[in-house]
Amino acid sequence: MNLEEFKHKTQIRVRTFEVDSQGIVHNINYLKYFEIGRVEYRRDMGYEILPTGIFNDGLKVVVVRNEIDYKSFAFLDNLLNIYTKISWIKNSSFCFEQVITYDPDNRIICSGKGILVNINVNSEPEKLSKKFIEEIKSFEQNLNILK
Amino acid sequence: MNLEEFKHKTQIRVRTFEVDSQGIVHNINYLKYFEIGRVEYRRDMGYEILPTGIFNDGLKVVVVRNEIDYKSFAFLDNLLNIYTKISWIKNSSFCFEQVITYDPDNRIICSGKGILVNINVNSEPEKLSKKFIEEIKSFEQNLNILK
Amino acid sequence: MNLEEFKHKTQIRVRTFEVDSQGIVHNINYLKYFEIGRVEYRRDMGYEILPTGIFNDGLKVVVVRNEIDYKSFAFLDNLLNIYTKISWIKNSSFCFEQVITYDPDNRIICSGKGILVNINVNSEPEKLSKKFIEEIKSFEQNLNILK
Amino acid sequence: MNLEEFKHKTQIRVRTFEVDSQGIVHNINYLKYFEIGRVEYRRDMGYEILPTGIFNDGLKVVVVRNEIDYKSFAFLDNLLNIYTKISWIKNSSFCFEQVITYDPDNRIICSGKGILVNINVNSEPEKLSKKFIEEIKSFEQNLNILK
């Protein structure tokens, strides 16, 4: 895991309603943090998510896979870094890779991947726009274009 | 608080992601439990909530006020009773009163009220249907019809 | 509701997992936002909440009452202002008053109150420290000291 | 995915605060449903989870990996089946495999895996008890014992 490959970073703070009885962040909440990272990644590219859940460039995505490896615990009130990159793009889908870290003790909390599919109004997969692909290409260093 | 006045009861179990670092149910989750009680109250009257969030008899409500008094702690895995009644009905609004209890030690966990307003497609308050009012009247013992 | 009486403000952004099928923030989430405001209020006074859920000056609180009036809808991705003040202090309890607003159309989204009780290790109410009371007194303009 | 291999099933109902602006269950909530399935699996074996988050036979687990494949949408108020099995056991870890389905149209909503590690009071991996292993062995048909 080379953090230098991640050009996008945002931060969240662990809240009282996100830790469990063992005093650590409940495992489900990291998917929330990942989702925040994904929306902020797009915001920093100049796009917003509309009340409909669709981005203002027309991108409408559904998540078809998530995976997450929990490496160490995060605790209440920790300020966490969420690193986000897109590692590959295919016809109508693409993959976010993400890492969450905690600065004060330089720890990796968890890492994960999410595969998203671009869909049309009938919820069918739809080819990603050239504009989207070009923007990601020029932003990410090691993007794979899959066939 | 006379539990005999409540003719509707449903149950939920406290889950791992609902307790906080002090090992007790986080205060926000009781509003979730109240909402479950409200939907189940309507289900037991024969109505379902559709994917749009509107009930299948056309009732579309928004919550305009919630209040909740926390009386004692509930813990992970507790099986809780949610008691629900409608205490008053006005032109376009009505009030749920609810109590949550824990059987094994016969404790009241919390009580609360929620005021809901029936709205139309333009999100404006709309008079409640006669059918709705009659059904609640015949179900609840001490319903107040407010002007 | 005079927003000038609120000397503490923090912001949150509405996330995808906080809106419901009607595209608006689900009513339960405002209690989360209120809780964030309360923790940030204390942070700005110089205190942190520890993994145990207790603040680092020893303040350990439980919420005994929440009330919330929903005034207008907030939508996905809205950046909301959370205004927080303490309006009264009693022997072992105090009251947060809070308002959530949305800048672009200058709207009040909701307002609410929460009563918190300071407790000791046996979960019994405990007198608030003089230091706490003095700090709030010097920070808030219209604080009521109740007997 | 052969559902007949799953000897444990529990059900949950999709709630108003679990669907997003597209009217479908937000992807993070399936991890909640998986966690409910895992706790109920253990309950049906005769064990309870205590307020500390530890089971009453001493089993204390942390999740080290989750993966989930989203196959189709679930909607508000859907009553979902959660199928749970343990597919392998290693020295101190084991793997839950889970499938969520919706009866009325006989659909698979999602499937996933979670790897859990048994830990001791110092949060270090600890060998699973013989009792635990024997019980899972006698319950599951196709359990793999990994070295």
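So that you can tell them apart, the chains are marked A, B, C and D in the order they are listed, and the count of residues begins at 1 in each.
Please note the rule applied: a residue touches a chain if its C-beta (ideal position, glycine included) is under 8 Å from a C-beta of that chain, and two chains touch if they have at least 3 such contacts.
All figures in this text were calculated on a predicted structure; none of them were measured in a lab.
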| item | value |
| --- | --- |
| Pair sharing more residue contacts (C-beta pairs) when B-C is set against C-D | B-C |
| Farthest chain (mean CA position) relative to subunit C | D |
| Rounded Å distance between subunit A and subunit C, as computed from the means of their C-alpha atoms | 30 |
| Between subunit C and subunit D, centroid-to-centroid distance (C-alpha), Å | 36 |
| Rounded Å distance, subunit B centre to subunit C centre (Cα mean) | 24 |
| Multi-chain contact residues (two or more partners), subunit D | 16-17, 19-21, 23, 28, 32, 35, 51-53, 76 |
| Complex contacts: residues of subunit C adjacent to subunit B | 20-22, 27-28, 31-32, 35, 51-53, 62-70, 73, 123 |
| Residues of subunit D touching subunit C in the complex | 16-17, 19-21, 23, 26, 28-29, 76 |
| Touch list for subunit B against partner subunit D, complex | 15-17, 19, 23-24, 32, 35-36, 39, 48-53, 75-77 |
